[in-house]
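In what follows, chain A forms one complex with chain B and a second complex with chain C.
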Partner chain A sequence: MRQLGKVQISTWVYLLFGCLLAVVPFVYDNLSMLFLIIQIFIFGIFAMSYDLLLGYTGIVSFGHAMFFGVGAYGVSIVLERNEPTLFFLILGILVALGAAAIISFIAGVLTLRLKSHFYAMLTLALAGLFLVAAEKMRSLTGGSDGLIFTIPDFFKDRTNMYLLALISLVVIFFSLRRLTNSPLGRVLVAIRENEQRTMSLGYKIFPYKVIISVISGVVAAFGGVLYALSIRFIDTTVFAVDVTLDALLMTIIGGVGTLIGPIIGAGLIEYAHHFLSELSDVHWIFERWIILFGIVYILVVIFFPMGIAGSIKNMYMKRKHKKEAKVQQKDNQIAS
Partner chain B sequence: MDLIFSLTLNGLATGMLFFLLAAGLTLIFGLMDVLNFAHGGLFAWGAFTGVWIYGLSGNFFVGILGAIVAGLVLGAITEYLIIKPVYGNHIQQILITLGFMLVLTEMLKVVYGPNQRAAQPPEYLDGSFTIGDVTIIKYRLFIILMGIIIFALTSYVLKKTKIGLIVRAGVMNKEMVQALGINIRLIFLAVFMVGSAMAALGGFLFAPYSGVIYAEIGLDYGIFAFIVVVIGGMGSLSGSLMAALLVGLAQAYMQYYVPSLALAVNMLLMAAVLLFRPQGLFSVKGVSTK
Partner chain C sequence: MMKTLLKVDEINTYIDQFHILQNVSFEVKTGEVTVLLGRNGAGKTTTLRTIMGLNSASSGSVVYKDEDITKQNTHHIARKGIGYVPEDQGIFADLTVGENMRVAMQKEDDATKERMDWVLNMFPDLKKFWNKAGGQLSGGQKQMLSIARAYINENDLLLIDEPSKGLAPIIVEKVMESIQEMKEKTTIVLVEQNFYMASSIGDSFYILDDGMTVHSGKMNELKDDEVLKKKYLGIA
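This part shows the complex of A and B:
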């Protein structure tokens, strides 16, 4: 709490950004652009949930798409079978989040004891199972044809959807920031840095990992809920490996362990995806835009493991240390 | 009888392809503690390059040679550019090899075009013959034979030669091997290249077997290779062979009887092995399963 002044400044900056973004739909009324920004918000939420695992706890999951998909399907199935009223919308969201919580708990208890390689593979396998299940359970999920459903009229308006996504992003961002600054978050970082040492300090690692994987799963499912609501259609691609890969690229390029990084990454990648795909008429290489990101991603992993946000933060910290050192030097000179 | 025989033959052929993919993976992991998520990409590159050269030259065995050379070259590049900077850091290894997998798959589309390609076995391997009332498809038999030859060759090199001795010792304890004055990095590069070449060869043999290849086979079959390695145990060549045949047979039978569960069964098999026997069913004694 002693650093209240410092924390407040960054909080105000983020809030200001949030307010600026909230004005956007009233000034700039371009439907496809708004849709793109909504997608950025949604994937920002999803990538933040991934960052909780990768950046704060040091767990690599290749199956994060399963929570995204469970969230998306949860709300879609409830809305498809009932009247599109606010009550059923909320019920659908609760069902989606509840299902994600249960699934992430079971999956976490079963898999989190494994070492990183095995965990990555097993989560990949689990997400694969969900994809197969979604394709086979046609009566429930519509199979590969997908589900079309209606949502309450209020959210059909794109501006309202935009505001819903933005408010969700801001609220989740601040709650997760609070969470990662809490004692729980500190233990998670300790686990990332050195599991054995954390264990010898008397912390049981396993329950912490399960807790964070449940939180991460629920947040990811909420991202999936918003995704389904924003396109009002859903098919099995939400369980695809690509969804997890997107989150991974966003988190790594934006900056692991920063929370704001994944949002920046989501913005960059969704934007690039949109515009480079449009450029494919100019030259076919732009259709293969993922190559570019793959290469950037590899370079980031080797040379800037902190990503964009982390590198900026590092630079800022270094400069501050230098200044402090200079001030100290001057003080010493004056004193002598 | 005919049905069971044909399914078994099919399963064994698929299993051999899985084995070619998994063998490199398991040795690389056992020796250097590196899990290469880009391994499937080499499989796809082998398939496309081999088919291209086979089309150019008209000779199937030149195609095989081309695939092997492509595997060796790509393996060397992968080891040097991608794996070397991240030795010893598991999380970075997982992240970077996965990124390389993306690049490999997309590069494949750039070089060979985004469309899928058809592939035919050469005439002397095409068609089938019958013994009694059992029909045998020649090309499947050929794949099984190739698998056996490769397995025998690798086992011979591993068990009877000096290099094999070093590799096996490295799998057991690489620090000790290094302390004895052997450049384990060089050995690892060689193993990596050979493993990649095996994956590429597997890819090329796969092409006429399935009849059509596409860029995403790398990811699809890469997952099977992992399943095989996990079931067979990390670092064990014969374990990989057993597991590959098991997975191949399970795949073939399930695809016939319960096609919707074919993939799920293998995934469940892997999940069960990971949960109850994470060191694998046929693991090598003394290999750390950290």
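This part shows the complex of A and C:
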């Protein structure tokens, strides 16, 4: 890995890009575009949490929206029932993250012993359960009418909300990158690649899966918190399967197991959603933007199975190995 | 008299509805290389997998250092000091050579450092390709990495499954040399189809046929027994 001082060059590139994004609201004040970018940041966080499961541990979940929804409802309920002060905002966030941690721990302990397809089905059922519970517990969640709530004045300002989402994205991205590059991250990759082999090296893999499930659940819940704060309204659609499928699409199109890929995927999908919906006046097909994305998804899976970031990384590695092979060949020639 | 390190006693193992191991029994003495021989499908790999707990035995027992480990989980068995080099090498393709080694290391003490030095001296390719992804190594390099990963911990017993399979003769010699050296420090159970390799390393042997132990003895005796070799190993 190329390094500048003790920091990888890619870190500087990401930081520079983060700084450029931080300037955007001060030079470009189109509110709907800022809102779109905030949504990209939020879904980038959510998709990264999904990538932790799918890309680094090989766990396919169809119920990841459950944690997103718990985060969104956690903060919404606290703010709806109390004064919109910073204290209650922080309390709401802690409640949301705590609830997500407990639920993901319990769900993980109950389901992660199962084989992958059984796990996927069970998470789908659990998310369905949360959707029904949210619709039935009207006094707490507002049912399908949803909840409208206010947030502290500071975050009502679009620029402040933008910066909160951006800072959250950057902090979570670097934290998760550190986690995936740590010894724990290496064990997770080993589990993804060959569970039996990892066990025969002396690792009990179940606790590792539960740990990553909890971390992923908490990060997804934080995405849900930001989502609720950004639109100040929440309804039961946050638990819908579509939300999980969006995260899956973002991760696969962007690049599984790359962390930066899901952010790119979130950007593409959210922007395409916005752009194609606007084109609905031109032709009705653009209202059904998901059909178009279905086609893109199929093409990506066939031609770029590693996604955008994965394919770029792969191309870079191929070039690097070609160069190394040439140097090796030269060395061999000199030696002979 | 040498002490028994591992005793496999009449184990029966099923995979789905197939009865693969049928009352397989053998003993491994401390400091020896015990070779499991037999044709393809005789049950050699399943025997090693059953010892490691990757396949569960429906009856019989596996006793390691006087402790019954038959029903124990794989990670417990590995932590007791049994290293396993599987037939498919089991390299983590997306991890670099260095990361593969670090994942395998159970401790980071001086003894581990010493073993790491030994491994890197024995297999200089691993040092050379330290930052290369495991999936990009050649078959021989993968085998070296697989053996190195099993040897890096203070294991008293190594189970090595067909280390010469699919490798070029020059690599086979290197692998043989490494096992010869490891033999001085640890006990080994070797599954090997290459009789030349097996007979030059092994001290004792067991022949498996159709999931049963059909013969055992000292390797020197087998070398001269043309009838036995032809009957069970297909060597003329």
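The rule is simple: the second predicted complex is superposed on the first by the 324 of 336 C-alpha atoms of A that agree within 3 Å, B and C clash if a C-alpha of one lies under 4 Å from a C-alpha of the other, contacts with A are read in each partner's own complex, and residues count from 1 in each chain.
Criterion: contacts are C-beta pairs under 8 Å (C-beta built on N, C-alpha and C of every residue); 3 or more make two chains touch, one makes a residue touch a chain.
Just so we're clear, the structure is a prediction, and the values are computed from it rather than from any experiment.
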### Query
Which term applies to chain B and chain C once both are placed on chain A by superposition, clash or fit?
fit
### Task
For A:G58, decide between first (touching chain B), second (touching chain C), both and neither.
first
### Query
Is A:L16 in contact with chain B, with chain C, with both, or with neither (first, second, both, neither)?
neither
### Query
Who touches more of chain A, chain B or chain C?
B
### Message
By the touch definition at the top of the document, which applies to A:L248: first (chain B), second (chain C), both, or neither?
### Response
first
### Task
Specify the angle subtended at the CA centre of chain A by the CA centres of chain B and chain C, expressed in degrees to the nearest 10.
80
### Which of chain B and chain C A:A325 touches, first, second, both or neither
neither
### Message
Taking the superposition on A as described, I'd like to know which of chain B and chain C A:I90 touches: first, second, both or neither.
### Response
neither
### Query
Once both structures are aligned on chain A, how many angstrom separate the closest C-alpha atoms of chain B and chain C?
6
### Contact footprint of chain B on chain A as seen in their complex
54, 58, 60, 62, 110-111, 114-118, 120-122, 124-126, 128-129, 132-133, 136, 241, 245, 248, 252, 285, 287-288, 290-291, 293-295, 297-298, 301-302, 305
### Contact footprint of chain C on chain A as seen in their complex
1, 183, 186-187, 189-190, 192-194, 196-205, 257, 317, 321
### Message
Quick check: in the complex, which residue numbers of chain C touch chain A?
### Response
52, 54, 73-75, 77-79, 84, 86, 90, 92-95, 99, 102-104, 106, 131, 133, 136, 149, 153
### Task
Quick one: which bits of chain B touch chain A in the complex? Just the residue numbers, please.
29, 35, 82, 85-86, 90-92, 94-96, 98-100, 102-103, 106-107, 109-110, 114, 219, 223, 226-227, 230, 260, 263-264, 267-268, 270-271, 274-275, 278, 289-290
